Every structure is written in C-alpha cells, then in structure tokens.
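Labels A, B, C, D, E and F are assigned to the chains in the order they are written; within every chain, residues are numbered from 1.
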Amino acid sequence: MYHHVKKLMYDVNVGEADPRFGKMLLEQFGGANGELAAAMQYTIQGWSCDDPERKDLLMDIGTEEISHLEVVGALIRMHMMPIKKALDQAEQDPIVAVTGGGGLNLFNSAGNPWTADYLKISGELEVDLRNNIAAEARAKITYERLMHLTDDVGTKEALQFLMTREITHMKAFTAALDSLGTGRFSIGKLPPTPGVVDEYYNDSTGEGPLGKDGVGNWIGKDGLHVAETPDFIHAIAASIHEGEELAKKANGAGGARRGTRVPSHRKTA
Amino acid sequence: MYHHVKKLMYDVNVGEADPRFGKMLLEQFGGANGELAAAMQYTIQGWSCDDPERKDLLMDIGTEEISHLEVVGALIRMHMMPIKKALDQAEQDPIVAVTGGGGLNLFNSAGNPWTADYLKISGELEVDLRNNIAAEARAKITYERLMHLTDDVGTKEALQFLMTREITHMKAFTAALDSLGTGRFSIGKLPPTPGVVDEYYNDSTGEGPLGKDGVGNWIGKDGLHVAETPDFIHAIAASIHEGEELAKKANGAGGARRGTRVPSHRKTA
Amino acid sequence: MYHHVKKLMYDVNVGEADPRFGKMLLEQFGGANGELAAAMQYTIQGWSCDDPERKDLLMDIGTEEISHLEVVGALIRMHMMPIKKALDQAEQDPIVAVTGGGGLNLFNSAGNPWTADYLKISGELEVDLRNNIAAEARAKITYERLMHLTDDVGTKEALQFLMTREITHMKAFTAALDSLGTGRFSIGKLPPTPGVVDEYYNDSTGEGPLGKDGVGNWIGKDGLHVAETPDFIHAIAASIHEGEELAKKANGAGGARRGTRVPSHRKTA
Amino acid sequence: MYHHVKKLMYDVNVGEADPRFGKMLLEQFGGANGELAAAMQYTIQGWSCDDPERKDLLMDIGTEEISHLEVVGALIRMHMMPIKKALDQAEQDPIVAVTGGGGLNLFNSAGNPWTADYLKISGELEVDLRNNIAAEARAKITYERLMHLTDDVGTKEALQFLMTREITHMKAFTAALDSLGTGRFSIGKLPPTPGVVDEYYNDSTGEGPLGKDGVGNWIGKDGLHVAETPDFIHAIAASIHEGEELAKKANGAGGARRGTRVPSHRKTA
Amino acid sequence: MYHHVKKLMYDVNVGEADPRFGKMLLEQFGGANGELAAAMQYTIQGWSCDDPERKDLLMDIGTEEISHLEVVGALIRMHMMPIKKALDQAEQDPIVAVTGGGGLNLFNSAGNPWTADYLKISGELEVDLRNNIAAEARAKITYERLMHLTDDVGTKEALQFLMTREITHMKAFTAALDSLGTGRFSIGKLPPTPGVVDEYYNDSTGEGPLGKDGVGNWIGKDGLHVAETPDFIHAIAASIHEGEELAKKANGAGGARRGTRVPSHRKTA
Amino acid sequence: MYHHVKKLMYDVNVGEADPRFGKMLLEQFGGANGELAAAMQYTIQGWSCDDPERKDLLMDIGTEEISHLEVVGALIRMHMMPIKKALDQAEQDPIVAVTGGGGLNLFNSAGNPWTADYLKISGELEVDLRNNIAAEARAKITYERLMHLTDDVGTKEALQFLMTREITHMKAFTAALDSLGTGRFSIGKLPPTPGVVDEYYNDSTGEGPLGKDGVGNWIGKDGLHVAETPDFIHAIAASIHEGEELAKKANGAGGARRGTRVPSHRKTA
C-alpha cells in the first residue's frame, strides 16, 4: 500500500530554464536507465521475492526510486516551461509541445515511449541483484553526463543528490549479493561442464584499424585459458582454402577474371 | 570483417521434435536475454571501445555469441519441423506457422519482435562489463530453466554446452572488470556526496502479507547505515494527520458519515 | 515523496491457482488499461497540473492505483504459482515461465511489454479528465469480464473491490470536470467554425451485411443536422461515372472483355 | 466497401513551406491522437458493432477521418517540400529525408512509427463512446496548439476546418451516448459494491512544493465522501513508527550515527 | 476523399466458427503482411507520388485493400463469435476476449499491435514498386497457408478471392515497373562502381550441417563472377594463424593446457 | 560458425567529423533498411533454407552485410566523435550523447531502437528473394541520398563502395530468382481464380488536386483489363443516392437547414 506526501524528496531550484536540457533530462524520466525503470525493476522484483530480508531491500529502494522519478519530473517541468509559454520554442521537442502541451510524459530524450523491455527481471535473486548493480552503474554514469551538460547550480545540486543515491543503492545491492554467499560464478543450480567452462575462444583475430589481437591479463584468472582447438581453427582455415579453389573453378577455365584486382578504392582488402 | 564457416559450433541432434519446446527456445533466439542480444551487446560495445585489450575481449565473445545464435536456431528449426509438415500443429505458434512458414524469425516465445531496447550499452567500460556480467547471469538461468522443460537428450546436451559458455564469459568479463582496478563502487569520475552516500532509507515499513520490515545484514557493510532523518519521517506522519483532519471537515459538520465502516470484504484496512 | 507499507490495500485469498487465469489477469497488471497505466496516467497528469485542487485529486487517485497494481500483482503471483513449481505447466505462458522464472513482469496477457503509448496525457485539464473517465470505464469493463472467467471466490471478491473503485474514480473525475464549468463541448480556447460544426456528413451509405444507413436519433441534438452538400455528393457520383467511361475506353474498341461477368463466387459485387 | 475520389475534403493552400512545422504536423498524421488513430478506432469499433444505428455513426465518422488523414498528409507534403529539394534542410527530419525521400510515412513528430497501441477499442458501446469523446477532445486541443505554431494563412484555415470537425464528432458521440440512456456511471452489467463506491481515499497528503492537500468541491457530489478509515491511516502511521525504532536498533548500540543530520543540500527533508 | 458503402466487397459465409482459426486470420488483419499494411503502404505511396498514372494505380489498389481489410475483419468476427458468447473459450486469445470483449482490434496472431514499421515506403517509385511486388508475394503465400488451415468452405472461398487479388496486384505493379523502362538493376541516379559491382564474395565457406559451399548457377549472369581477392582471403587466414600463435603464448611456457582436447560432447569442432 | 578479423572490409577515412551527418548515417546502422536488417534478413532466411545452392547465396551475402554493419559503425563513430569530446554538441543527438556516451547503439536517425519488425522473412524462397531484391533497392537509394548530404570525400568513397555492393546483391538475388524458373507471378502452389485475377478495379476515380483518373499503360499487359462490374459501380452510386434522400428526411419537414451552404472556407466540396 502506498502513500504520497506533497513534498519532494529533494528540493529543486532551477535558475534558468533550458528546454534543450529538459529534453536531455527525459532520459532519466522515461528513458531506458531512468528512474521509472529503476522503480519498476526493483519493486516488481520485490513483489515476487520470497526472501523476506531482500524483499524488504527491494521495496525500500524501489519506493525511493518513485520519489526520485518525482524529483526528476519536477526538474524537467521547470526546464520545459518556455516550451509552454513561448510557443516558438516548441520545436525543441514537438511531441512534448504539441501532444503534451508542455507537460510531462513517459518519453525518453528521443521521444520514444517508455517500455517494459527496459527492465531486467529474472525471478532469480542472485541474477536480479546483478541486474540491479548494473542498472545503478548505468544510472550513475547517466547523471554524471547530465551534470556536464548544464551550468545551472540548482540543477547540478539535485543531480548530485540523485547520482549519489545510485551509489548508495549499488552498495546495498552488492552487500545483499555478497550475503547470499553463493560465489561469483554460481548462478542457479545446474553446474557448468568442467573443462569447457575454462576455455576462452579467440574468435576475433588479426590486427588492423579495429585493434590488435591481444589476449588480456585475465587469462589465467579463475582457471581461464585460451582454447587451442586445432580442429576448430583448422575447420575455418580449411573452409577458406576450399572456397578459394571453388571460386577459381566457378569463374571458368579461361580465367579471364582471374586477374581482377581489388579496385583502388577498396583499400583494405 | 566476418567470415562464416558451414559448421555449427556445436553439433545438434534432436531425438523427438516438440513444437511447444521450440516455441520456448525462441527466448534464446529472439528474446530479451537471448543470443542475438548478447552478440549485439558485446559486439557493438567492442566496436566503440578504445581500450585495445578489452575491445579484443568484447569482439571474441561477441563473435562467439553469433555462432551460438546459429546453434539455437538449428535447434528451433528441428523442434518446429512438425509445424511445417503437419499443419494442424500450426496453432502451437500461429505467427511462426502462418507468417513464417515454419521457419525462423527474430521473435521471442510470445511472438514479440526482437528490439534493441533489450541491449544495455553505456559507452563506459566499467559499466558495460557489469552489464555483461548481469547479461550472462540471465542467459545462464534461462538455459537452466529450458533444460528442465525437455527430456530430449540431444537438446539437453546442446543446452548444457551453451549454458556452460555463459559462465565462461561471466568469468572473463569479471576478470576484465577486476583488472581495471577501479573498485566496486567507482563509476565514472564524479564522486558521490559523502554522508548521503552511506544513508539507507527505510522507505517501506510495517509487517503484513507483503513481508516484514527487517533491515538486512548489509547494514554496517561499506559504511551503510539506516538514515534516521526525523524530518523525513515526521513529514510523512504529519501529513497523514493533517489529511485526517481535513477529511473530517470535508464530510461536513453533521458527520453523518463519520461512522462509516470499512465494508466487510475490504479485509486489510 | 512516496512511502510503502507492507500491507495490501485489499487482502487477497486464492482458493485454487489457475495459471491460465493468471495469464488473463496480466491485462490489469501490464496491459493497456491496467493498473500501471492508470497509476502513471493520473500521477503524471498530477505532477504537471497547475490547478491545486485537481492536482490533489490526480495524486490521490494516482497513488491509489499503485496500491491496486500491488493487489493485482499478488493475485497473479498466486495464480501463476503452478508454473513455477510444476514446470510442465510452463507452456501456459512461456515468457513468464522461462524468462521470468514464474515471477511478475510488466507484460499483458499476450506477453507484450507495457508501453507508455497506452497513456493519454494531454497537458490540458478538461481533456485529461475526459481521458480519465474513459480510462476508468475501460478498466471497469475489463474487471467485469475477468470476473466472468473465474469461479474462485477469493479472486472474485478482490476483483469486485477493484472494479468498484473504478466507478468511484469515475464519479470523482466526472465531478471534477463538471466543477470546471466549461461545458460539454468546450475544449481549449479557440472556437470551432459555426455552421460547419453542426454538419453531420453521411459518409457511409447503403444497406447490406454491414448494416443499414440510418441517421440516429442524435440528429437534432445540440444543433446537429445532416449536411446536404450537393457538391460533395455529386463529386463522388460524378467521379464514379467518369471512371466507368474510362474503363470502357481502356479495355479497347473490340470490347471483347466488355461482357466479363463477376465470377460466381464474388457474390456481393 | 470503400471508394476514393480524387478530391480533398478540404482544399489545401500553403503559402510558405516550413519543414519544421511539417514535422510537427506529423503528430496529426501518424501520431497518438492523429487522424489515422481516429479513423481506425471508430472504423474498427464500427465493424464490431451490433447496434445498427450506432454502427452507422461509427462508420460515417470513421470514414470521414480517413479523408482528414488525406488532408493532413497533403499539408505535410507541402511543408516538407524543401527537405526534398534542398537537401541541406534534411537535418530537420533525417528519417523523413533519408529513408522516405521527403515523402509521407506513418510517423509522429519524433519519428516513432504509428502503433495500434494508440487505439482504445473495448468492444463495449458505452465505453467506446467515452473513448471517442476523449479522443476528439485530444484531437481538438492538438489542432489548436498547431494553429498557434504557424502564421501561414492557408495552413491555419485547413487546421480550423479539421479542428471544427472534431467538435462536431464530439457532439455526435455525446448524443449517441446520451441516447443509450444508461446513466453517467453505469458501465457493463455488474454493479459496484455500495458504500465502497462512495469512499474517496485521501492517499496524497500534506503541503509543499507539490501543492496542498485540499479536498475538492466534488466531495458531496453523487454521494462521494472522504473515507475516514482509521485502520487505514493508522496502519501507515504505525508502520512508520515501527520503522523508526528498527532503524535505531539496526545502527547499533553506540548510536554513533544517531546524530547524523540531513546533509545541507538535501533541503527538503 | 473516401466514401464507404455498407456492402462487403466479397460476401462472407462461415459454416462453423473456430476461434483458433480466427486468431490465425488476425495475421491478415493486423499482421505484418496483412491488409492494413498493404492499404497503408500503397495509399501513402500514392499520396506522395508525383507521377499521375502510377499515383492512380497506387490509389486504386490502396483503396481496394481497405475493402479487403473489411472482408477479413468480417471473417474474423464470425470465427471469434464463440469467444464472446461462451467465455470458457476466451483463453484461446485472452487479449481479444478480455480487453476487446471479443471484438476486432489491430493485432496480429500473437497479440502484437500493428506498427508502421511493417511498411516499406521509400519515396522512390522504382523502389516502391519493388516493395509492393514483394508485399503482394508475401500476402499471397500467407493466404495460401491459411487455406490449408481450415476446412470451412465459406472461409476458403473468401480466402481464395483475396489470394487471387494479390496476384492481380502483383501483375499491375510489375507492369507499372516495366513501363518505367529503367532496367532491372537501375535504382536512383548514382551509378555503382564498375568492377566492384560484378564481384561476388564467397563469405561463407566449407561444408557441414549447414550445407555445402557451392557457387550457384547465377555466376556468369549479368557479369557476376566470384571475386578472387587473395588479400581478402589471406587476411583472414593470416589472422587465424596469428591468433593460434598468440594462444600458445598466452597459456604459458609450461604448456600444461596445450594438450586440452575438445570435450567429447562438443562434437563439431 | 563465425570468425571475426580485425580489419574493416573497406578502409574508412573521415576528413571532418559532422555529428549531424553521423546521426543520419544511423539509418544504415540501426534503421529499417540498414545493414543489420539486411544481415539478419538474409542470414536467418539462409539458416531456414532447404535449397543448398540458394542457402549458400543467402549465407554469403548475409555475412557480407555484417561486415558492412561494421564499416558503417566505424563511419558513425568518427562522425560522432565531437559529441563525445565537446559536450556542447551533445544536443545533436541526446540519446547517443547521454545514454550512450557518444558510442554506437542500434538506433535509427530518430533514436528508435532497431526492431525485427523491419525484417521480411516468409519461409518461401520465391517470396524471400523478392523481399531481398526490394530490400537491396531500398538500401541503394538510402546510400545515394546520404551521399548527397555530405561533402567529405572519405565518407563519400566508403558510401560509394557500400552502395555498389547493394547492386551486386540485387543482381545475385535476381539471378537466383530467375534460376528457380517459376515465372513472374507464380507464388506458392495454389493457383489464383482465372478471370478475377485479370480484373483491375478502378477504385479511385475523378480528377482534382490528388491527380487525375487515368488507367495506365499496364492495362492489356499480362491479361489485365479494367473490370466493368456494373453491380459494383451501381451499388456505390445507388447507396449515395439513398443517403441523400435519408438526409433530407432526417433534417425534418421544415427543411430550415435545407439551404445550408458549404461554408466559404470549405473550398473543395
């Protein structure tokens, strides 16, 4: 059962309204990593949770995120004000201006409607806590980027508060995950196949504009090693060779096109 | 640059085709946590990544996931075969049968089209690695659940291989995150506000059918403590009291309705 | 600012769990006219509202709907229980079973993710109150239909409570609209063009399997009359005649095809 | 059966093409409250309707809305012309310019594809007529806002015609609803629970930046009164008190953190 | 300007209602290749078309497709009738039964809302005619499949009429494309690069469960030949070899894991 | 099984980064006719294909399109660079800047997430090849339009390469379709109804701002002729006449409104 109090969790003061920034803020209102997404993800996980202590955690944080949504909404309203008053500013965000009359709606910064596809709810506690840690990390970096995009002091202060809370939640979800005591790589009940689980496949090779092939310093950690699967490698190499022969044959005996060179503008090949 | 070899990464043998199970398998083909989602999430993160070692990691695993998509697709094709041949089975999945002629398409088990909203790509390495750890955890539990839903040995073996690889990737992403050396709660560059960052808000209270209010054993970890913000608590309590007075007044002097009782069937309140 | 109490607004008792009914109930959880849609529509209208009295109304009812969402979620959880325990029932709803582990998610009965496209928020109070009256009417009829689809007494009682509340809200929104005193057909500030506003166009004519052409008893109400626009009617009739002539010409002088008759199975034409 | 005549229902003259305005006009073409939404909502309700008189009404207006869609499309085409000719204007709306070659498509002003989720079709006449009244109200206010956003006389005239027609339809739908004689709060067949149906819950209380708690003048109308449910109010208040005690305990005996004050920047609490 | 006549373009008689088949028929009502998609694709192309003759063609066929939508809708209504009357059949399609009251809505067979993403409208006539030829081909095969899924004679007859019309339209669009005289591979104005345009890349090689590498009999047609680009091929082969060396090095000097073999169940590699 | 090589299929050089152009390029990355759509459409058709030769074709081209996606992604990254570095440019594309940190994601130019609804996969080879020919035509014209929107030489060269390849693929798909030998209008197995299949319905008539009624020079091709179905035409004309009479009657005996004229601004009717 919910109760609403007519106070914001954090007082919002906007010095100068900036509809362009208001549009960006929509990411945290109706966007993929915004406050509604956080509120719904944790609350619905909480309602399904059978573990009383972690259910309480999910409800505490889920409820706080609804209050955050309200704070972000108040910020956006203040920044969007000129769209409502001076209609010539409406083109900053036509869907807000024309369809919404300058008011709030559950859109992101590109005008996309919020969708439950943003949520990661697995029904498995050790998975959901990882989902939530990742969600908080995304929300934190989004607030940080938004803080770089405004000079308004009141706005920055509110964003700093909201950004800070994401780290608080990250701590709480991490502690709750640790307290499960299931280990870093144990998910569900079925164990992975020994041997295969430690094989790292080097499926992207070579060096070029897309980087260089380098096996990172994580090889050797937790048993990981590069799989030297000759069959695997040879299968690819062999198939390429076969293909080359086939191409020669297909182009015909005369081989008139055998000399075709890569056109000059196809510089890579 | 990509090359395809006409071999599956894992041989697929299906003893008895089961269209209902094929429909469920679609979750791992065109579903929110399926192989295309994994392939696209890691590959696109890899293309944007400026850190050569971790870029290589993202490309290796992103490429492997495309090969997994192919394996899952082969499994679904085999299980869906009866839909194509015996048309009376088509009602198991009309969209596959009628629109797709029994062939593959990028839908999930409910016939929803795959959408990029499933992806979590932040453009920040320490965030994306957490996104990927969570994604692998979700994929792992999904394969585990699917294994409980089939008795076909060949299918189970292929799913066991795919499930195992998710743990391999979880290990690799975790090691890569550790090797960044940024700490468990450090995201981006802006620090959270000290003090506030350690306050846990008890925003869901009381005991009832939805569980009991219990502050978990994570209080005390990493500095977390329950915020005793009297103003905060009192604001809510005070507003409830005010509302109560207002209600009395609104219903009028005679107070004829003051004695209204909660109807018997509203058992909770 | 929101607070959650660990009590349901209405106690839920389910005698016999029925996953098929649980799936139908999803309409009122993550469906187009469900409780989240109501909660978000009223709450976000409330946050944008500048009229203090009606803002309070929107917040009161918006908050109640979040509590309703919780009640519906509890009902669904109980009905879905068998999906979680006996996995052979999972095919009733694969996306809930496989991806969600039997837990809740914001889907409707067809597994579609909830989307903000369901919301009708115009930023104009006299419009939004009409949106809300319509929304409550939809929610009411949906609960009524669901009550016909279950025999479980506890479920029926909870649905009766929720259904009743929709009428309560309909009353409140209607009274709030009346109290604006703007009249039944006054929306915004710009007046419609006199004359044109009273013309009813008879754009669907004739009689057949799709009904008969009959101008309803609303003609004469509020000035409405059928527009007798000869130009309009004649333009269509004339163009049909021209087309007929053109067709004769196009088919050629010989007119070999002039005698083509409608094939017997095209019975209507 | 439909017939098309190569005339617009309203002649369109655009003095000066303005792609930015053309983009805004897309709201009424492929937007949530646009002409396709109206046409489809009424037409499909009409096809399902078993009441011959109101079926005729739905078909008349549904058909007129297709003609309106054509008029709006003609307006957009004229305003978008510069995008097609002078390609440097293409950035006003890349998706129209690049993918559509400057032509029409069923997008809204944010480039979102039209979706049937915009429609409100309930299969219940007294509900659908309310849906339609609300839809016309939304369409009316949208045209009004668009008229404020252009100075082009020809455009304004066409929008005035279209805006006027929405009020015409509102009148017709209202008269049709009245003529059903079912009353303002009667939906479907099942009655609401007496007593509960008249209780208004004061679920948002207090005063602050989000407004003040005031019970509107609708209390007393149609039997509505504020529910004075002590259990309900006390449950929340009691749970808050319990939570406060729990917090003290959780933070430990020493109470080192008992003195923690709300950080200065959290101004509200 | 449109006019509706209360006759179906084709009389519909359904012997025995079958809700499961009705659900499948939804593919042709609100599905990706259904009648609304066809109607909107051609009509909107027509409204944007500057070529008067082909504009007329697009309007003729676009209008006919709206009449087809009406016929399909009538068929579905008849097949869905039991859902409305005998509520125990509602579980065949909960979204139709519960939200729609058994009436029509713009969903496909999986309950997905119709979306303008189904449309292919390019704003370029020679492209759009190809889009339409493909669309008609899809619609034709969908009707054919549906005819295999019902034994009801009246339904089959109506589907045969609709299926036939798709071929009619295919003929008309093809003739219109031919009459443009632009050639089979001429799209737009910019010419492709000679040489490169004739190179066929053999990007999938080898033989296995996914088929065999065989260059089809289209090599040689229209100048196409297999590109023998040694650099291209060698780049891949070389990068694989490099990767192999790197793997050896990464696993360490001892080479303890060098002997790791592919686990027995990974049969392919 | 897939392998990735750290080389681009075509070297990308961007002289001057232009975020606005980068945003437009997103159409070919995550847009409806972009490279992922092509890659997925052909690859998934290929996986389902039972015809070994054409399966190979689909896999060859499907794989090449993944390499193209990588090239387009590299171009976008270079053009988007300023968004990442100079944050004041972020408003060019907030969703990329704020949520994505300036990196790639699967969005189109309007910020819409990529969806599998873009794909046309029918499970019928003669249909899918037509789908693919149309898809290549769309991709070709999109590249052409993009080339008009940039002056950067390096960008133009890369787009020229990609545009050329679309024609290559169009040739290959066309040759593969021809080689099936099924004829231009043969889809599936069920034949259309003779007679009806050759009737062209003139469903849009008259002359006006929307063009003139002219039966194109395709009449006479492949047996097509205009259907002179008097019943059909007369049904419409008759129903219009009936409607006119009805209107007169409905407005009452006095006929006060009989003289109502079309308001001056409704110029068409």
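In this section, a contact is a pair of C-beta atoms (placed from the backbone, for glycine too) under 8 Å apart; a residue touches a chain by one contact, two chains touch by 3 or more.
Everything numeric in this text was worked out from a predicted model, so none of it was measured.
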Exercise. Enumerate, in label order, the chains that touch subunit A and subunit D alike.
Key: B, C, E, F
Quiz item: Between copies subunit B and subunit C, are the contact residues mostly the same numbers or mostly different, with half as the line?
Solution: different
Quiz item: Can you give the whole-Å distance between the Cα centres of subunit D and subunit E?
Solution: 32
Quiz item: subunit B to subunit E: how many Å between their CA centres?
Solution: 30
Quiz prompt | Centroid spacing, where centroids are CA-atom means, of subunit E and subunit F in whole angstrom | solution = 11
Quiz item: Tell me, which residues of subunit D touch at least two other chains?
Solution: 1-9, 32-33, 47, 56, 59-60, 62-63, 67, 70, 74, 99, 101, 107, 110-113, 115, 117, 122, 124, 141-142, 160-161, 193, 196, 199, 202-207, 210-215, 235-236, 239-240, 265-266, 268-269
Self-check item: Graph class of chain-chain contacts, one of line, ring, star, complete, other
Solution: complete
Quiz prompt | Sites on subunit E touched by subunit A in the complex | solution = 193, 195-196, 199, 202, 205-207, 213-215, 219-220, 225-229, 231-233, 235-244, 246-248, 250-252, 257-258, 260, 262-263, 265-266, 269
Self-check item: Complex contacts: residues of subunit F adjacent to subunit E
Solution: 1, 3, 5-7, 32-33, 46-47, 49, 52-57, 59-64, 67, 115, 117-118, 120, 122, 124, 126-127, 130-131, 133-134, 137-138, 140-142, 144, 147, 160-161, 163-168, 170-172, 174-176, 178-179, 184-185, 187-190, 192-193, 196-204, 210-218, 221-224, 235-236, 239-240, 268
Quiz item: Of all residues in subunit E, which touch subunit C in the complex?
Solution: 1-12, 70, 74, 87, 90-91, 94-95, 97-99, 101, 107, 110-113, 157, 160-161
Quiz item: Given the complex with subunit E, which residues does subunit C contribute to the contact?
Solution: 20, 23-24, 27, 31-33, 108-112, 141-142, 145-146, 148-149, 203-213, 235-236, 265-269
Quiz item: subunit D touches which residues of subunit E in the complex?
Solution: 1-9, 30, 40, 44-45, 47-48, 59-60, 62-63, 66-67, 70, 73-74, 77, 84, 99-107, 113-117, 119, 121-124
